Each structure stands twice: as structure tokens, then as C-alpha cells.
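Shared chain: chain A. Partners: chain B in the first complex, chain C in the second.
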Partner chain A sequence: DDKLLSEPLSHPDFFNVKELFSLKDLFDARVHLGHKKGCRHRFMEPYIFGCRLDQDIIDLDQTMQHLQLALNFTAHIAYRKGIILFISRKRQFCHLVESTARECGEYAHTRYWQGGLLTNAHVQFGSGVRLPDLIIFLSSLNNVFEPHVAIRDAAKMNIPTVGVVDTNCNPCLITYPIPGNDDSPTAMELYCKLFRMTIIRAKDKRQQSEVFNELR
Partner chain B sequence: MAGNRMQKIGSVFSRTRNLLRIGVIEKPLWFDVYAAFPPLREPVYRVPRPRYGKVKDVIPPIFYQEDEVRARFYRIYGSGPRPFDLSQSNYKSTCQRFVEKFNELKEEGKIEEEKLFEETGKALLASGIILQRRGTDKAAQQDHQDAETRDSLLPLQLQTVLEKIQEKKKDGEEQTPELAETQKEDPLPS
Partner chain C sequence: LRLMYTATAMQSKNVGASGPEKYTEAFIKKQIEEFNLGKRHLANMMGEDPETFTQEDIDRAIAYLFPSGLFDKQARPMMKHPTEIFPEQRKIQWGEDGRPFHFLFYTGKQSYYSLMHETYEKLLNVQKYQDQLTAQDHLPQKEKRNLAGSRWLTKIELEEMLLEKLSDDEYSRFIQLLQKLMMLPCGDIEEKYIQKFSKEVPVQLQKVVIEPLKYDERGVAFSTGEGTRKTARATAVVYDNGTGKITVNGIDVLHYFPVLQDREQLLFPFQFLDRVGKHDMVCTVSGGGRSAQAGAIRLASAKALRSFVTEKEVEFMRQAGLLTVDPRVKERKKPGQEGARRKFTWKKR
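Showing the complex of A and B:
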């Protein structure tokens, strides 16, 4: 059992997430397009490549690195049978996010976030609730363009987070930020596709490893 | 069940590691994974204070050599004759073709720099793309004159419109008493 869990950690890319995306895919999906100069968040400046006629362009080399780390982390969590929660407060993509979560066999929350869902879980859901082991933000702002409450709550409850941060977002509290566009439909479909493929791949690998172990 | 809810102190990993060291918590699922593959920046809270004094723009603007040609093109010809079709990723707009032709003629080097712009315009005409100059046209001047005459006619037109409205109001007042009389007559026979 210990071998099963510790063996994947020795490889740098056990689930081979690098082959799922390329720089050209990110460019075609318009992941590099940010908001205008006035909307820029101070802490996003290291991730921005430049400003073309007042529109921020995100550095896709850095995005590649961050995306690879984030997908690798999600794959390992899914391999260890962790609970993953998808959060996005964009109404345009709420259905896409929910269907992605359903196909992975994981969970999604794309509606109004009540105050104590994570911090007051034992009162709201009853005792013995298992909180998510990873929270994935496909858009880290809520409907009034403020940071989503779940980012702060996950940091409070010591839950690691993966999140797509646009040029107007605060990437400080997110464990594995992915600087990229969160407004274009093509970009959101690309992220959903990548997360779905990594999680399904990790779960299949877990099944295979268990079968191999039983055969021995 | 102990825990540390202070999100502004340290990162998730540092707090969990310290709690584990004390021994009040059991190892969570993600701890080994984070230890093996840490992120590029440790997720520590930073206060989002605004910058004071003169704000230096750290991010460089993106400009290309071809932007000079593009700026001149748009100033003289306005937006091109054909709208942009963004559904194709390899679409070339009129301006892009102009820029490429300009660079070709510049590399050939047979034409002087001042005449390069006009020569590219002629070359594009030869290949079938018609460019219309904006602003300094005879047609534009005529439109300007028509606008002036229309402005002088406007008060006369407004007067006639007012008179028509007043006539209509008078007609309306004559009609409504007739309607009232007909309404009074109707209930009587029933």
C-alpha cells in the first residue's frame, strides 16, 4: 500500500501531463489575452508578458510551467482518491463546469456560496463530513469582481487550491495558480478538457496499479 | 480535531507541517504530493496595498516595426475595405497585406523611401484591392456642403412641423365632442 502511494512521487511526470497541451494549443484557445491596463492587479505583474494597445498579454511560457505543475498535482490527488471540488461563478460556463465534474466523478459548486460551507461544515452538513482535498477554481472572482470567498476559506481549512487567475485576480492565496484567460469560451473549454483528462487518467492508473498489486 | 485557521500567516503547507510536528493532526492526503512537487511561489498572503507616489509602469508596451506602416495606413485609408473575419486563424486583413507588400518592396530596394507608400498602394490596386482615401475627397466636400444647407433649412422645417401639430390638435378637439355626443346617444335606445 505504501509502495502504491510513494512510487508515483519519485517520477517527475508520472502521469505524463506534458503531452496533453502545447504552447500552440494555449495560443489558439486565446489563453494569453488579459484585461485592459486599468484592471490589472498588482500581484499579476510578474506573469504578464507585455501590454499591446492597453490590453495585457499573459506570458504563455510561465503559463505552461504553472499549468504542468497544477495538472500534475491534481493527477496525484486523484490517484490517491482525494475529493476534488470545481468552483466557478461565471454563469456563462456554469453548465460546462458541472458537466465536467460529473464526467470526472468529482464535485462542482457553481452557485451562490453560503458563508459557512467549509468553515462551518459540521453544523451545516452534520458531523463526520469529509471536506474536499483539492479545490479547483476555473474563475477566481465572483459575480461582483471580488475574490471568491472559497479561496480564503480553503486557506483557512488548510485545503490546497488550484486556480486560473486572470490579470484582474489576486494570486496570493492560491497554492498552484495558472495565469490565463478565464473569459473566453475556447479557453474555458480547454481547461475543462485538460482537467477532465488528467483526473480520468489518474483514476485509471490507480485501478491498474491496484489490479497489479492483487495479482502479485 | 485541531486546526489552524490563520490564512494570513505562512502558507497552507507550513501550517500543516508545524501541526504535524506537534502531533495534533494526522497527515493529510496532499502533504506528500506538495512536498514532492512544490509550486514556483509559496502561497503566502500579501496585503494588496496600492502604490503611492508616482506609479512606474513595470510592464513593457508591445510594438513592432510594422506598426509605423500600419498607423500610416489607418490614418490615410481608414479601416480597410473588407471587414476582419476572425473565425479563421490564418486570416490576412487588407492592412496586413499592405504591410507585407511594403516590406517586399523595401527589401527589393529599387524605390525611394518617400515613394514606397504610394508604390505599395498602386501594387495592391494592380492585384485587385481598391483602397479609398478618407477625409480629403471631393465626395466628402460635397457632403459637407449639403450638411450646411440642411442646417439652414432646419428652423423652417421645424416651424412647418409645429404648425401641422397645432392643426392636428384642433382637429382632435373638434372630433372628441362629436364622439362624446355619439356615446351619450347610444345607451338611450338600448
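Showing the complex of A and C:
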């Protein structure tokens, strides 16, 4: 059992998440497109490649690295049977995100965020609740273009976060930011597909390892 | 280095703040088994057949074995099926390892949001189907569906269905989604799904049936009517081909109602229909006072006359107020006052 949990940690890319995406896929899904120069957030400047006709272009090399780290991390969490919560407050992609979460067997929250969900969970839900072990933000702003409350709450409750940060977002409190576009449908579908594949892959790997252990 | 003693506040548990306690599935199952066992024991105790012991028998048995003079029915000893006692929403929503069962658990209102999710999915399916049909140019024309006989579920009914509290805004959003789904040309595919959330409104037309004329042994047409006023109850039988003779409780009208005002009240329906000397009337009346009895007989005779007269004249009678029951009754006296309205004399000092 101990070996089951410690073995994946010894490899840098145990679940081989690098093969799930390539630079061309990211480019075709328009992940590199950011908002206009006026919407740029100060802390996103390191991740921006340049500015063309007032529109920011995100550096896809950095995005590749960040995406690989984030997917690897989610795979490890899913392998260790953690609870994953998908959050996105974009009305366009609410249905997509919820369907992705349902197919993975994980959880989603694309609706109005009630203040005490994470910090006041024992009162809202009951006394034996288990909070999510990872929160994935597919869009880290809420409907009023302010940072989502869950980023701050997750930091308060020591819950690691993975988030797609656009050029107008604040990447500070997110543990594994992924600089990239969060407004195009193609980009969102790509992210959903990648997360779904990693989580399913990690869960299958876990099942296989358990079966292996049983046989021994 | 000296050890510094610092006072640490003990983490006192605020027991009340954790909300109502939750029940596991296993606990509820055990309660159901215990209930069934207890039901059989009770049946044996009462000397009845355990197989056919219904809930009413249980209630009667408990009321007999544990008599209680408490006023509030809910406070008396009761033995009911656990599903009625333990409310559905208090069941714990996660399994042994802590993982919640529903994928929208962390939103707080899982049933409402999953309903919205499903409805939106149906909407997307219908739109996709519509696009397919448009591509093949087979789009059907929308016929106006008759909405008169159905209504949407009310907010309270929806809350009962979902076992969750809803806000007005959320309810209106859901109804708007359903209406949007229904308005689409190909919305008929999801008819069954929409029917779950609509209810039939029964047609409420209650036309008052005017009874036809009856004929007695002499071949004279007659009809009966009943009337009430304050505490008086009257029945009147109006005969055709008459001379305007009126009998009340076997006594002639002149002797029974010496006052002109009461006799005028009796005359009013006939006068209104210009049939003053054409009908005979035999009435029985009881209760009330002089004026109340007169009013009761007036209403009874007007109701009886409906059978002799055309529909238009019935409408005229109704508009004249001849067919309406007078709702005024004696108002009760209140404590702290002399009468119903009169207060005690106000004294300055």
C-alpha cells in the first residue's frame, strides 16, 4: 500500500501527460489569444509574449510548461483518490464544465458561490464533510470581472488550486496557474478534454496498480 | 531560559451552530426494521392479526395504550413509519470514504442545479435536432398549442419535489427555461419531460342548473325553491294558473305578516316579473324574526320562479339581487366592549 502511493512520486512524469497536447494543438485552439492591452493585469506580464494591434499574445512555451506541471499534479491527486472540484463562472461553458465533471466522476460548481461553502462547510453541509482536495479553475474571474472568491477561500483552507489565468486575471494565489485564453469555446473544450483524459488515465492506473498488488 | 506559561483558550464546540443532525442510510434502515417489528408486537398485544395491521390501527392502539391529555397532537406519543419522521433531506449525502454521491454536491442546492442542468441539456438536444432538420429542409411549422388547461408547478410544489428551499428568482429562472423549451418548434420531442412540471387545471364552469317545471295531479305546473336569511329557513312552492293567494305555514299571509313592509318583500319577485296575480304560493318557514322570515321567503319564491321564466329574465332577476343570498348575519359581541361595535363609556377620570 505504501509502495502504491510512493512509486508515482519518484518519476517526473509518471502519467506521461506530455503526449496529451502539443504546441500546435494549443495554437489551433486559440489558447494564445489574450485580452486588449488596457485589460492587462500587472502580474501577468511575465507570461505575455507580446502585443499585436493592442491585443496581448500569451507565450505558449511557458503555457506548455505550466500545463504539463498542472496536469501532472491533477493526475497525482486523482491517483490518490482526491476530490476534484471544477469551477467556472462563465455562463457559456457552464454546461460543458458540469458534463466534464460528471464524466470524470468528480465534482463541479459553476453557479453562484455562497460565501461560506469552504470556510463554513461544517455548518452548511453537516459535521462530517470532506472538502475538495484540488480546485480547478477553468476561468478564475466571476461575472463582475473580479477574482473568484474560491481562490482566496482555497488558500485559507490549504487546498491546492490549478487555474487557467487570462491576461486580465491575478495569478497570485493559484498554486499551478496556466496562462491561457479562457474565453474561446475551442480553448475551453481543449482544457476540458485534457483534464478529463488525465483524470481518467490516473484513475485507471490506480485500479491497475491495485489489481497488481492483489495478484501478488 | 524560563518556560513561559501562556493561557490557551479551549476550543469550545458550539453544538448548536452545526445545523440539524444528519442520518445515515444504515441508521434509517435499522429504524424501519425496528418499526416493522414493533408493529407486529403491537398487533399481538392488541390481539389483532399482525399481517393486516394498518397505520390507523396503530394510531388507535397507541392512543389506547398511552392516553394523553396534551392539547397539541404533535406532542402526544406517536408511532409512524421512519420515512415520515426523519425528513428526507437530513440524510447524509456522502459515502464511507467521504466522497459525496452527487456531482453537484458542493453547490449547496444539488437537486435544483441538476434539474437546471438536465433541462438545459434537453434544450441543447432540441436545438441540435432542429438544426439537423433545417439542414434537410424538413422543419415543421409551429402550431399554437392550447395552454388554457395546464399550469406550471408552483414554487411550493417545486420545493416539495426537490426537497430544497428555493428563492423566487431561481424558481422564475426555471420556469423561463421550461417556457423557452416549449416555445421551440421541435419542443414536442421533450413533451414527456415538460409534462412532469405542468398540472391540469380543471375547467371550473359551474352553470347553475334551472330545474324544469313539475306537474301535480290536477295538471297545474309548480316549482319549489329554498331561501335563507339570517337564521330563517324557508321553502316555497309556486303554482301556475293562480290568483295571487299566499299561504305561510298554513296561515294566510295577511294574518302571518301584519306589517305592510314584510308583505311588500314577498310581493317584490312577482312585481318584478309582472306576474302579480298569476301565481299561487304555499310556503313553510322557521327560525329568525319577522323581517328575516320575509326575506327568506322572498329568496325562495324568486328561485322557484326561475323555472317559469326565460333565461334573459333570470339574468335580470340576478342583476336586481333577487337571487343572491344576503350574507349579513348578527356580528358577535367582543370582550371588553358593550356589544359588537359599541365600546364602554369612556370616562376621562
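Operating definition for what follows: the second predicted complex is superposed on the first by the 216 of 216 C-alpha atoms of A that agree within 3 Å, B and C clash if a C-alpha of one lies under 4 Å from a C-alpha of the other, contacts with A are read in each partner's own complex, and residues count from 1 in each chain.
Heads up, the rule we're going with is that a contact is a pair of C-beta atoms (placed from the backbone, for glycine too) under 8 Å apart; a residue touches a chain by one contact, two chains touch by 3 or more.
Computed from a predicted model, the values in this text were never measured in an experiment.
Participant: By the touch definition at the top of the document, which applies to A:Arg111: first (chain B), second (chain C), both, or neither?
Facilitator: Second partner only, chain C.
Participant: Can A:Pro160 be said to touch chain B (first), chain C (second), both, or neither?
Facilitator: Touch status of A:Pro160: first partner only.
Participant: So, A:Lys36: does it touch chain B (first), chain C (second), both, or neither?
Facilitator: neither
Participant: Contact-wise, after the overlay, does A:Arg102 reach chain B, chain C, both or neither (first, second, both, neither)?
Facilitator: In the superposition, A:Arg102 touches chain C alone.
Participant: Under the stated touch criterion, name the partner, chain B or chain C, that contacts more residues in chain A.
Facilitator: B
Participant: Which of the two partners, first being chain B and second being chain C, lies in contact with A:Pro132: first, second, both, or neither?
Facilitator: Touch partner of A:Pro132: chain C, not chain B.
Participant: According to the stated criteria, A:Ile48 is in contact with first (chain B), second (chain C), both, or neither; which is it?
Facilitator: It touches chain B, and chain C stays clear.
Participant: Which of the residues in chain A end up touching chain C in this complex?
Facilitator: Within the complex, chain A contacts chain C at residues 81, 83, 85, 95, 98-99, 101-102, 105-109, 111, 114, 117, 122-130, 132.
Participant: Provide the residue numbers of chain C that touch chain A in the complex, in ascending order.
Facilitator: By the definition above, chain C touches chain A via 17-19, 21-22, 92-94, 97-100, 103-109, 113, 117, 120-121, 124.
Participant: Per the contact definition, I'd like the list of chain A residues that touch chain B in the complex.
Facilitator: 5-6, 9, 28, 40-43, 45, 48-52, 56-57, 65-66, 69, 72-73, 76-77, 80, 82, 119, 133-134, 152, 155-160, 170, 172-177
Participant: Name, in rising order, each residue of chain B that touches chain A in their complex.
Facilitator: Touch list, chain B to chain A: 3-7, 11-13, 15-16, 28-30, 32-34, 36-37, 39-40, 43-46, 48, 50-51, 57-62, 89.
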